[in-house]
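Data block below; observations after.
Chain nomenclature is as follows: A, B, C, D and E, assigned in order of appearance, with residue numbering initiated at 1 for each chain independently.
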Amino acid sequence: MTDPIQTNAMGTPSRLQGKFAAIAGLWGQFGWTVRLAMVLLAIFVLVALLGPLISPHDPLAGSLRARLDPPAWQEGGSWTHPLGTDRLGRDILSRLIAGARISLTVCALVIAIAGAMGTAVGTLAGYFGGWTDRIFMRLVDLALSFPVILLALLLGAISGPSFTNIIIVISLVLWSQYARMARGETLKIRNEDYVDLARTSGLSDFRIIGRHILPNIAPSLIVIATLQVGVVIVLEASLSFLGVGVPPPAPSWGSMVADGRSYITSAWWLCMIPGLAILLTVMSVNIVGDALADKINPALRGRNI
Amino acid sequence: MTQPILSARGLGRVFKVRHRGRMQDLHAVTELDLSLEPGRTLGIVGESGCGKTTLNRMLLLLDTPSSGEVRFRGKTFSEMSATERRDFRRAVQPVFQNPFSSLDPRMRVGKIIAEPLSTIPDLSKADIARRVAEVLEAVGLRAEDARRFPNEFSGGQRQRIAIARAIASKPQILMLDEPVSSQDISIRAQILNILKDLQDEYGLGCVFISHDLATVRFMAHDVVVMYLGRVIERGSAEAICTRPGHPYTKAMLAAALPPDPDAPEPELPPQGELPSPLDPPSGCPYHTRCPLSMDVCAVERPPMLPAPHGGLAACHLLAPERSQ
Amino acid sequence: MLKLIATRITEALIALLLMSLVIFLLSRLTGDPVALMLGDGATEADRQALIAELGLDRSLPVQYLTFIGNALTGDFGRSLTASAEPSIDLVLSRLPASLSLAGVALVFTLVIGIVFGVFAAVMHNTPVDIAARLVALVGQSVPSFWLGIVLMYVFAVQLRWLPTSGYGQWEHYILPAATLGLFTLAAITRLVRASMLEALGSEYIKLARVKGLSEAVVVWKHALANSLIPVITFMGTFFAVMITGAVVVETVFAWPGIGRLAYESILARDFPVVQTVVLVITALFILANLLVDILYVIVDPRMRSRG
Amino acid sequence: QADELVVALSTFSEETMTPWGGSGQRKTYLDLAYEYLTYIDPETGEAVPGLAQSWDMSPDGRTWTFHLREGIEFAGGYGELTSEDVAYSIARLIGEDSRAGPASAMRRAIASVQTPDERTVVVNLNVPDFELAKGYFGSGQQLGIVSKAYFDELGADEAQARPIGTGPYVLENVTSGSEILMTLREDVGDHWRVNPEFETVSFRVVPEESTRVAMLQTGEADIAPIGFDSIPTVENAGLRIVSAQATWSPVVRFGGLIQTDPARYNPDTPWASREVRQALNYAVDKQTIIDELFQGEATIAASDTPVPAWSEVEPYPYDPDMARQLLAEAGYPDGFDITLKTFTTAPGAELPLMAEAVALYWQDIGVNTTIEPVDWPSIRTAWTQGQASDYVWTHRGFPFASAANGLEAGFMQDSLFASFTSPELEAMIQQFSSEEDAQTRSALFTEIGQYLRDEAAGVFIALANEPYGVSDKVGEWDISGAYGWNFDRATRAQ
Amino acid sequence: MVHETSRGEGAPLLEMRDVSVQLGRQPDAPALIENVNLAIQAGETVGLVGESGSGKTTLGMALLRLLPPLLDKGLSGEILYQDRDIARLGKNELAAIRGGEISMILQDPMASLNPVFSVGNQLREALRLHATASGSLEERAVAALESVKIPSAQARLANYPHQMSGGMRQRVVGAISLTRAPKLLIADEPTTSLDVTIQYQFLDLLKDLQRRLGMAMLFITHDFGVVARMCDRVAVMYAGEIVEQGPVRDIFARPAHWYARALLDSVPTLDTALDRLPTIPGSPPTVGARPAGCRFHPRCANAQPQCRTAPPTVTLGAGHTARCWFPLGAQAGAA
């Protein structure tokens, strides 16, 4: 029995149910690997969001006396630090949780910046063609293939590793992929008859881009964005290794692995646990991304790098 | 004779294309004249690549002619004021061949149909909704369908939506570029009937583009036959489909196979390859395929000459000195 | 074809100029080599003398133009730190190590990636496919330095099959090449698998089967030839990925390549070397892309008529 | 092979082969080829005879006379060592094109060099230097003696690619960025100084520490510098650790305390107050840092730089309450914000980690620390340009080759790398530099150490060792203090 | 015509018995085509007409087992060719039948040629398999192109598909498909993407080749004009079923199924000016949503309650059958 007042407040129930059914239907279409990956990702996001609430310790506070404690199940470990402690005696689990938040923030910001930049460039280039296209695309070619890591190092060396730098640098590496994708998709959609029809209806170019082009290229861009989450995490880790990653003491998963690398034989959990977290997350993201690509635009499958 | 509502004079379109490593001119449409009177339907036939779509896009002002001009109510686009341009956009509406690409998959049908209305000032939401319902019913769909998305419709239904959209702004001319060639036979007949009804009901003028003479015959009053970007014959639909004057039109008629196992063999069956528009033949563009080709055909391009059916055809055989 | 190469080279030169400017400006933003070269106890007068000696007292545009002018005559300046060795010599001496490693990684990546990709596609949804996809997934999910260290510990320290690091014999190539290549191997496997699946469903494959061709010819000739086109497109990016990876891998495996040289000279603010490394890398990259373009024309006849 | 000693280093620095061609870091490999006028006794820290058999100093410390050992042959048949060679080596080291670290200071100090005979070198100084023999001319510095004949014969360009010295090894081959291979001189027979056992010494550059550890574990390297945290790993692998004792001192330096130079003095920082600086010292539990981060391979530093003479100075104890109290007295009962910049060098890979540990302790007394990793050139540039005035940074101090020079470089406003000055301190140093009496000098020196400690010129953490992993292929090998690697003294295990 | 001389008394060249194709192996999976029974005699041309989505291509693909894996798993029934059941052959046996015994021209000439190999390369590949032929490979390739009336055949061998026009490509596909003189050719809408004048010429060419090689043909199309010109017999498909089949003249003159009749009527013609076209209301059902009973009944002008149950197959003349409760011809015959 539905309460009429509640129904009114919530909007038409049938539509809500419809949406729910659609999501459930989509869920049903995926295999168990994809579902597992989705659950893992959901946990990852949840952990990142809840962060400080569920973290057993302050991720930045440590005690040198309790450094390099092994995980609880190892000999010498204790449940105070279920995953052990790091080089300064900080709780690894707490840092992992805080790291999820940092990684998520980096991913979100990079994808927002690179996505916005790339989409703008790609869409304009694709839509207007001609010189705009040529200039923009040369730029993209350059950015896409130039070893931006050197720029990253320079930037890092100049102003020191900082959160802003990481995001700028990774965005610089990744925006071009969106640009290429957005351009390709825009070219396709520009030739769709409904764009011509919009023009014969007297719509301006920018309204056409806003109304027809962007909504239609969005799904492909979302797929790219999904797949790039993994790229961002791995790239950040590499930059951390080179000393220009997320600056300490903030724990990013990448810097945790990088910092723990010398302990691979003496205190394996230092780099293995965050390494595993990266592996699982990135794998999940890629699995989900591939599955989305299959549903949204099969041509994108396997095309990300 | 009434004043034409839409006309073109000396219309030409040259594309620059890269071919064999060089930039070359591709003459998609050349020196084309036509005029459309209110309430009449002009059929344009020709084989693939002869420039039909290019012509259509120029008439719709989606593409700029390389030469010649398009006039709407006697004025070229550059002569029109902003209001007149808006009037033009409302008065001339297209329907394209592919109903799948004509409808934005992310928009509800109602919004798609309302798009041509969105540039009209002083139109209330209710007015728009009413108009959308009206046109949906006019093409045989239901008003509720406005809330659905295009992917919930079959090809035939989509083409109806495209037509509904085209008539939403109460246009005076429909530009129809092969509106049924992607449709199944049973659907094709339905759409053709709807278009014909609309024509009668609203007194719409139409430009009907097709490669199928039989459909053109059914839809159009007058017919223009194009070959390699040029008009080679024009006349009434009945005349062109029964007493064509140009050998190419004859070949087209012959190739349109009748659904009759015992149909007689045609006298002038088509032959030869369609020449590349990048490298059009000299003289009469058709002479390379024409079974009746004469020496002069390769040298001199025939002018439009009066044909026995009362129209005009560009064939040396119709020259007064030869027609006897 | 010639025209393609000509336009490419023109574009390349513009790109080079652009790149050199960017690097020039960036590298001069903070930190200077003078501070590093001055011994403890040096005074302000020492500093000024050294600055003048190195020509760092001139205005930036003058410095840049001098650099470009000299570069045109083949003189890329001398390293500021190492007793003024010509920076181009330094770069060239490190180049073979990088190129040979990239070459080995490339071959390794291509051969295994293509074979994996093809089998995964042909045996779609079988354990083979799943295994290939897993490898591809893992390959794209691990940071290369981590992979490098893990591989080193497993194969060199634990199993003692291979040397940990160093440069010289063929054994030295295996671990760094594998580390460097795994990421691209994964990418190529995915790419080949996806485009093979696409190709196997295409009409021309049906026609090939209709002809009565054996399955091997259908797969390895008809489907694969088409699937290689996206792989070639990827090759352009491959180079960039290699350089990125090289900085890391060369550090981990003590490989004397230009990635590490770039990294070290950035850290030392050795401007001429930084500039030269970047220019050489950019030039190499442009060369690689030119090669890719040519390869394209060879593999995809449709590109030929585009001139 | 058993005849080869493989040394994995974190860097070759510049790969140049002349003593004046670059930094002192190259001494790791160059010291196999070049020798010095004097060597430093690791026990006493005093100079012992090297290529110079004996030396005299004029009482004013302005004239030094070195008497060369006889019968010392250069490698490659370039003849016997003469005073000409020494003069040439000095001239090159202080020449305009020299890239050696002490070049500029030596150029200022040396007025002339005379060679009255084949075996005698007389050095005239512009300013008194009572420690020239163990300082600039000792094995801890860069005055390796080259053969003048060799340079005359081949010309400067050719000759500098290949080191020809009196040392027991010659350069065999360089693979840029990868390996420097030294082989034993054929005529090494009865070398005056050492009796090397390894036929070849191969230096490999391996920047990544975990790779060096792996190489030790697999036996690919015999000697390699490692991080403190790798000590257990290396020991577990059955290898031995040899540490260079107290070769560097991790310290936190304060910006803007060049009180005698208005351009580099920033009185507005909280740490401009001595109480605050002391508080920041009291707040840090240095012993725990040493036990945990340095694996016990260090001792608490009382003052700047590892100097034996300062061992009597009492370090600040760990006393957070005292620290809080001092802060309150200085007007910061709730603490303040501070930026701590940090970087890595070799040795000194632990500096960022130490920075984090220090930050943890400071946090305890309410000093809110932001760590900012930078790289060494940035900070060094900011430092030389007097722009490092509103933050503090981690640094590593090195032992003074000569006390006077060290003090002048670190605590006089003339020096670009001064980290702390005050009028009293400069006066003390001046007095010390011109004091001719050894006893008084020593007392003055200790006084300066005490002053630095009391002023809390930095947060002195530790005098740290430099651990090396050593394989069981190596029998005896000891590293003597700073800059004395002694790879030519390494023996083969039985 | 050929079939008059070659039609034997014996078994047909190819016979489909209850062929169905489902989306996968599960018994309740939706079927793309259902219980198709169709026989092709040696040398005859059978037309298969129907609207888009009715299952024509699926049927053609099923005959050569070219369906995508999922559909191939859902194939049931028997496809008897000579003494073999194609539905049960393995990969190698299929390769042996394809090209030499049964060949196919695919729907889309633009996509049927591999874009990265030259035309000559692709042609020679097929020729090489034709062991019995004489002459050098090169000569045979030229001859093959000439047989499909491609001018300057020698030069064309070096061309790549994208360098040829659609009509030319379709002829190359024809040449490749016919190199090994198959006994049966399946032509899946070989002319839909061609211009009318080019289509006319290609149809003539096909007819000519068929006469020369004496092969049978299954000609898939949706164009009644083409059927009339090319075929001896015709089968009409609707929603995955063959609703009517018989000799061409019978069906054009006296269509029995209401669908076939309506379809024939709704085509505009050249010689008469009409005001309105007769139409079939609604649109064909999609695969998952096909109605029970007679698949056509929701759109049928003559639908009766009975039509909701599966209709019988009625015979209306020699080889002329229809699946309808109320066939048109039968009423006429009864009257």
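The definition used in the following text is that a residue touches a chain if its C-beta (ideal position, glycine included) is under 8 Å from a C-beta of that chain, and two chains touch if they have at least 3 such contacts.
Computed from a predicted structure; not experimentally measured.
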{"item": "Required steps from chain A to chain E (each step between touching chains, minimum)", "value": "2"}
{"item": "C-E against A-D, pair bridged by the larger set of C-beta contacts", "value": "C-E"}
{"item": "Cα-centroid distance, chain B relative to chain E, in whole angstrom", "value": "32"}
{"item": "Euclidean distance of C-alpha centroids - chain A vs chain B, Å", "value": "49"}
{"item": "Between chain A and chain C, centroid-to-centroid distance (C-alpha), Å", "value": "24"}
{"item": "Rounded Å distance between chain B and chain C, as computed from the means of their C-alpha atoms", "value": "54"}
{"item": "Contacts with two or more other chains, residues of chain A listed in rising order", "value": "157-158, 261, 264-265"}
{"item": "Set of chain D residues in contact with two or more other chains", "value": "210, 217, 375, 377-378"}
{"item": "Residues of chain C that touch chain E when the two form their complex", "value": "124, 201-204, 206-215, 217, 222, 225-226, 229, 299-302, 304-305"}
{"item": "For the chain C and chain D complex, residues of the former touching the latter", "value": "30-44, 46-47, 53, 79, 81-85, 90, 93-94, 97, 149, 152-153, 156-157, 160, 163-168, 251-257, 260-261, 264, 267-269"}
{"item": "Touching residues (chain side chain B, partner chain A) in the complex", "value": "57, 60-62, 85-86, 89-90, 92-94, 96-98, 101-107, 112, 115-116, 118-119, 165, 169"}
{"item": "Touching residues (chain side chain A, partner chain B) in the complex", "value": "192-194, 196-203, 211-212, 215-216"}
{"item": "Chain E-touching residues of chain B, taken from the complex the two chains share", "value": "47-48, 154-157, 184-190, 192-193, 196, 211-215, 217-218, 237-238, 241-242, 251-263, 269-271, 273-274, 276, 289"}
